[in-house]
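Shared between the two complexes below is chain A, which has chain B as its partner in the first and chain C in the second.
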Partner chain A sequence: MSFDVRLRVDERTAVIDLSGELDAATAPRFHDTIDQAATAGAIELVIHAKQLSYLSSAGLRSLVFARQKMGDEVRIAVVGAPEPVARTIRLAGFDHSIHLVDA
Partner chain B sequence: MAQTKVLVLDEHHRVPPQLRGALEHVGAEVHVRSPGEVLTAPARLPEVTVLLASAGLAPHTVRAVARRLDDEGQQPSVVAFAEHDLHLLDQHVLAGSDYLAPPFHPDLVRARLRDCHERAEFSRTMEDVAAHAELLSYERELEIGREIQLGFLPDALPSPKDWEIHVRFRPARTVAGDFYDVFEIVNRRRLALVVADVCDKGVGAALFMALIRSLLRHTAEQSGLQSLIAAELMGEEAGWAEHSRAIPVVGATPLLNAVAGTNNYLTRNHIRQGYFATMFFAVLDPATGNLVYINGGHNPPVLLSASGADPVLLAPTGPAVGVIPDVDFALGYARIDPGDTLFIYTDGVTEARAPGGEFFGEEEMVRQLSEAAVRGEELLDHMDGALSAFVGRAEQSDDITMMAVHWNPPGARTA
Partner chain C sequence: MAIDYGPASTGVARGAPPPGGFGVAAGPGAAVIRVPAALGELDRVAAFVLDLGERAALPHDALYRLRLAADELATNIVMHGYRGASGEITVDGGIDPDQVWIRFQDDAPAFDPRQGMRPPALDRPLAERRIGGLGVYLAFTAVDVFAYDLVAGRNVSTLVMLRRAEPRPPGGTDADHGPIE
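Let's look at the complex of A and B:
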């Protein structure tokens, strides 16, 4: 499945829809979207990951970027991630700085 | 010279009769269109080598048509022509076009078309050269990254009596940041075993690999003798405490110092770059098989028992290193008995992909490890074979690192 990323900002919540595979090749597009979300002044970032089939270590690195870009006060949630993706996030211990939420 | 294909561009499809006659005389294939027809054409345009534009058109209109052709992968030479109002040619020449003015004798037209053809050929060659040069510099970057990475891997591994330590390292074409290390600490009484994976790819990952490897090794070697017993571990409460039994252990201090020190260094100095490493760092007592380790967000190594017991997975005792400032890393404990093998690896193994995109996966890996009736280097051969068969002709996209640590049972052959 090819990668796609979409951003919408409702009120002050930035919502990013991710689909396909987030890896070294596609992470730059996700970074750009994070930049836009941060610029929009969102106080919450919700990442819909139901259609995200794969998250590589480069993808994990994007989540670190998101954490830094948005600032510590912004709540970041990854919603509905399939088990392999959620497992990758938990294994690296990132579920302490990013909320993993079931869909 | 191949047949010249000309697109004449004029608002009213007018081609000066003498010009049309000359084009026919030299055997050119001629299409006539207005700019509007080209720009709104739903289908592909005819293939042309020369765009012959009436000088009455505005240069930006001609440019728009050229862009449309470019979108279809065509880069014809642009030549403006005028029959009477020769001054109109000026603006086109200034805009970079060639020009054609009366008299439209066939020989003159042919010569001009040949010039155009040669120039187009030349610029195509230049583009090829430029593209090739770009490719070379990309290849060079890969080469540099790989040299950095290989330069920071150990030349040889120590081999304590009765132990076999083997590593299989298969770097991907696109440099990733895997590394491994085996070295002696605490007056050669303990062996440090490291397998780690720096996130992401490219020269950046290779540089952070070099940094992290050096920090780990330097800190572990330097702190080995300060305190042989990590008394401060008594009563420690960590977030991953379920794996932690607070027992003073020789070698735990260099282990904790190395991992926590590296984590603090990275989060203090390099957090903006966003690089981190998952790692399994263990300290082995070769005399007893006792193992104390930190698993920082790394794929759980597999402890394969010679007794036939189920394989044991050594789960994370803390997060990936370089992300969370001042985080606590708990210690994990395991024991390797004679005949057992500890298999440590990076995600290049579990995330190896078949041509159809399926992942090798942890389940299949553990199954292959359990079913293999071999240990040590032969186990790595077996896993290599299983991975090759699974991946088939698909390109290896990530580094693959595997380490097998095996304690030879008494009486068995030695390494």
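Let's look at the complex of A and C:
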């Protein structure tokens, strides 16, 4: 079971590409990447999740961290999440402050 | 979705299930693994659940939810049961005509994981939310039964997913999730 996370910062938009399975064992890598994105001074965070096949509460925790670390003024979007992943985000009520796009 | 809010009673003891409970009996279709209580080992739990669900021909959606519940429960045992101490989790499961069940047994201090469940505080900004208990909430809402018993000093938690839909044809899709009731 694999997981990969990549970060690039274009202008002031941080883009994180996620693939594989985001669980308690892999979430620390996502957490660290969010930390890097916040440090880079991004004013928007776009998380590409089309290739994210699994998301547990550990991954949700990282999204809360992103909201805390980057502040309310930073738009955070999760793009292309597969239905089960998007459903978990909605069930947790995160879709009120994190934009679910193409999900 | 039917959720067992009643007293923890799973009939985990082998034999006839208690009235009104969800019985599980380790029969020929049962399998068992033992994994160290460490986050890095929980892939094996996921693989076990996915294999069992595939053999039961659970629809993809139901299997995803069963795996999620099992993952959250196992994570909870590692983080809040053993709390970093070394230990072991025994996982077995089985396929009955009407349900698939996964049972977790551990020797951490007596601990009902359901007590830590906390639904998301939707009225609070995300950045101010307390996130503890969210994993158990996800698990609880993902399956049909999430039961707990303390049996001879061991924590025994059981997850049950009812088999509602027709089995998927080989190579088929999960378009039909089946009736809810």
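Here are some notes:
In the analysis below, the second predicted complex is superposed on the first by the 101 of 103 C-alpha atoms of A that agree within 3 Å, B and C clash if a C-alpha of one lies under 4 Å from a C-alpha of the other, contacts with A are read in each partner's own complex, and residues count from 1 in each chain.
Keep this in mind: contacts are C-beta pairs under 8 Å (C-beta built on N, C-alpha and C of every residue); 3 or more make two chains touch, one makes a residue touch a chain.
What you are looking at is a predicted structure, and each value in this text was computed from that prediction instead of being measured.
Partners chain B and chain C, brought together by superposition on chain A, clash. Between chain B and chain C, more residues of chain A are touched by C. When the two structures are aligned on the shared chain, A:Ser57 is found in touch with chain B and with chain C.
In the superposition on chain A, contact of A:Thr39 is made with neither chain B nor chain C. Looking at the shared chain after the overlay, A:Asp72 reaches chain C, while chain B stays out of its contact range. By the touch criterion defined above, A:Ile98 reaches chain C but does not reach chain B. In the superposed model, A:Ala24 lies in contact with both chain B and chain C. In the three-chain superposition, chain C clashes with chain B only at 274-282, the remaining stretches of 76-84, 220-228, 238-246 or 274-282 being clear.
Residues 24, 56-58, 60-61, 64, 68, 84, 91-94, 96-97 of chain A are contacted both by chain B in one complex and by chain C in the other. Taken together, the chain A residues at the contact with chain C in this complex read 1, 21, 23-25, 54, 56-58, 60-61, 63-64, 67-68, 72, 83-84, 88, 91-94, 96-98.
Those residues of chain C whose C-beta lies close enough to touch chain A in the complex are 39-40, 42-43, 46-47, 61, 64-65, 67-68, 71-72, 75, 78-79, 120-122, 125-127, 129, 131, 134-135, 137-138, 141.
Remark: chain B residues 174, 197, 199-202, 239, 271-272, 274-276, 278, 296-299, 316, 318-320, 323-324, 327, 347, 351, 359, 398 touch chain A in the complex.
Put simply, chain A touches chain B in their complex at residues 24, 27, 56-58, 60-61, 64-65, 68, 84, 91-94, 96-97.
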